[in-house]
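Here the structure comes first, spelled out in structure tokens, and everything after it is commentary.
In this document, chain identifiers A, B, C, D, E and F correspond to the written order of the chains, with residue numbering beginning at 1 in each.
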Amino acid sequence: MKISIQINEGPYQHQASDTAYQFAKAAIERGHEIFRVFFYHDGVNNASRFTIPPQDDRNIVNQWAELGIKNANGEPELVVCVAAALRRGILDESEAIKNGIDCNNIHPAFRISGLGQLIEAGIQSDRLVVFGD
Amino acid sequence: MKISIQINEGPYQHQASDTAYQFAKAAIERGHEIFRVFFYHDGVNNASRFTIPPQDDRNIVNQWAELGIKNANGEPELVVCVAAALRRGILDESEAIKNGIDCNNIHPAFRISGLGQLIEAGIQSDRLVVFGD
Amino acid sequence: MAIKKFMYLNRRSSFGTVYAIESLEVVLVAAAFDQDVSLAFIDDGVYQIIEGQNTNGIGMKNFSKTFHALGDYEINKLYVSAESLEERGLSADDLMPLVYEDEDDNWVEKSSVKVVSNAEISKIMSKQDVCFSF
Amino acid sequence: MAIKKFMYLNRRSSFGTVYAIESLEVVLVAAAFDQDVSLAFIDDGVYQIIEGQNTNGIGMKNFSKTFHALGDYEINKLYVSAESLEERGLSADDLMPLVYEDEDDNWVEKSSVKVVSNAEISKIMSKQDVCFSF
Amino acid sequence: MLHTVNKSSFERNSLKSCINTIDDTSVILLIEDGVISATKNINSSMIANLANQGRVYALQGDVEARGVSSKLVDNIKLVDYTGFVDLVVEHGTSVSWV
Amino acid sequence: MLHTVNKSSFERNSLKSCINTIDDTSVILLIEDGVISATKNINSSMIANLANQGRVYALQGDVEARGVSSKLVDNIKLVDYTGFVDLVVEHGTSVSWV
């Protein structure tokens, strides 16, 4: 089955991203396809390549990245909502340049796109599961 | 009176930072001293200089910065907990270099420091008010 | 492409958290996709469409007017829990008069807001393909 | 410098949100400041110190053992709401046996956990100079 | 003491816990979504008595934002942010029921 | 349908709202702090009947993390993350009571 996931909360503060990750991993192991993971609200903070958790703790951003969720064109299907991301300071190279900021902080396993990608995930997938606060 | 503030949530997702800002502004206008604002948990995300809210919305990070809360040595007293910040990807230059990251994202009106600064704020201030989820 | 039924479940009030405004942003985008869209307002979500919101005192954007735009996008199924209203001492009269023009009925202006029981919301929910919660 | 009375108010369980572990991190730092420290566990906060937590299944750090270290830092006033325990079907026997050695009483090992009524927590709270909530 | 509550009594248990724990001299300030608890609703009995004693405040900006100015329980005292600051100064230790 | 609830019935109203709204064929999966509602406590009557009908699941990892394995209401079905995936696949549309 094609399953998509929406994540509304950032890493560490709430368990949402942890649970969603365990769910996505289990779904893949079960032979399902994760069509897309859409990071919305504070969920966009899961995409920061700047996170440095303590050594004895899990690295949530890297866990997501290592799942390697991509589409047939090899593009990441860990998708970060652009409006929510800008509001919270998650930038890719193009948004950084556009806004005159010297640097980006998005992890390369993620990509920034519009809210239409969430609707599309709902249309294209057999199931959509939301994880939030 | 000396008043300190603890903020547990990031910008936009929760009203906590907005309310704390309005409170701090009113306290200063009332002639009180804001001894320190300590950003903990997701509160550290208030310190990102990368945030770009929509043009018709408030810029919470800049609002805090414009309050210009500093100590007698001219150092910012908008203090971000280092452990919480690293976990969530808020870095100053020194932490970025130490962790091999090419860039920092902290707004210059804030500084990163340890949890001891929160305890010290509790000791030194006449009042401490917490804003959270 | 088959039309899917999408429900947006709104359970929180507007300014304490960002969920309400960012939910509305999704709904407006969804309008472009020609799907079947319903909004459910239960629990404190009913406060999202209460009449007379004024954010001057809190320095935040008053986006409640944006709900009036939904009708123009043919989003006109806003289900409000009667029980949630009643528990909160509210009635349908306290809500914003959100309307749409019915193209199948000579463009007559009709109300988009339907106050229904939880049992009815349950039935409507059961027919959805996708439920977004914020 | 005068000693101040600090209370840490814990109202949430351990793994659903980060507040519990980051609160404990503050308490451990506070120990170095020689202030008077009390911890209150009410509502779902009582689950923070329940015996037998095992996080193997959720991929998160089990920091519950860290509570055992508090006694070594002379943090030995852990007040647990009797009403909160009872509502949750729990009793003092379900809690971790957290102890300290009393330097004023020949280093006898004593319990750091005191199950008290909300009325008693209220009295203790009234005497605090600072209350941290997470 | 000053106790602040920032969530609706419908969504969370924080107001109930606060009321269960405060002493006779404490006051409550409802802020953010907490002002929903200042309205006449099925939970109003939780605060009606305290309000009659003049011990319940609500942040005016939050009340107006939520469109409930005309629906408040009797004897709730409205304050602005300056009033919030004054309450913090007057009432000693602050406890946030976040 | 599958309804997930991730908060304790003591802290929030989400379980109550879920139960008030679901139809007779829906099942509930308690995850994260939601598993607290799977324990024997003063709120247990909310789910006891649904559990007896075999319609209440709880995520085992979350139950064990919170140390409440021995305190569950009768007939709660424990699942791991794979079981969670299977519930999503079997029960059609998922609703998250976040």
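Methods note: contacts are C-beta pairs under 8 Å (C-beta built on N, C-alpha and C of every residue); 3 or more make two chains touch, one makes a residue touch a chain.
These figures come from a predicted structure and were not determined experimentally.
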Steps needed, at minimum, to go from chain C to chain F via contacts: 1
Once the contact rule is applied, which chains count as partners of both chain D and chain F? A, E
If you tally the C-beta contacts, which comes out ahead, D-E or B-E? B-E
Rounded to a whole Å, what is the gap between the Cα centroids of chain A and chain E? 38
Quick one: report the Å distance separating chain E from chain F, using the average Cα coordinate of each chain. 33
For chain C paired with chain D, centre-to-centre distance based on mean C-alpha positions, whole Å: 43
Give me the residue numbers in chain D that touch at least two other chains, ranges are fine. 15-18, 43, 58, 60, 129-131, 133-134
Which positions in chain F touch two or more other chains at once? 6, 10-11, 13, 32-33, 61, 80, 93-94, 96, 98
Counting only residues that touch at least two other chains, what does the list for chain A look like? 8, 12-13, 15, 19, 22, 41, 57, 83, 128, 130, 132-133
Report the complete set of touching chain pairs. A-B, A-C, A-D, A-F, B-C, B-D, B-E, C-E, C-F, D-E, D-F, E-F
Complex contact set, residues of chain C against chain F: 9, 11, 42-43, 83, 118, 121-123, 125-126, 128-131, 133-134
As the complex stands, chain B meets chain E at residues 1, 3, 8, 15-16, 19, 22-23, 25-27, 29-30, 32, 127-133
Would you mind writing out the residues of chain B in touch with chain D in their complex? 6, 8, 40-41, 83-84, 114-116, 118-120, 122-123, 128, 130, 132
Spell out the residues on chain F that touch chain C in their complex, using ranges where they run on. 1, 13-14, 17, 20-23, 26, 93-98
For a test of understanding, state which residues of chain F touch chain E in their complex under the given definition. 10-13
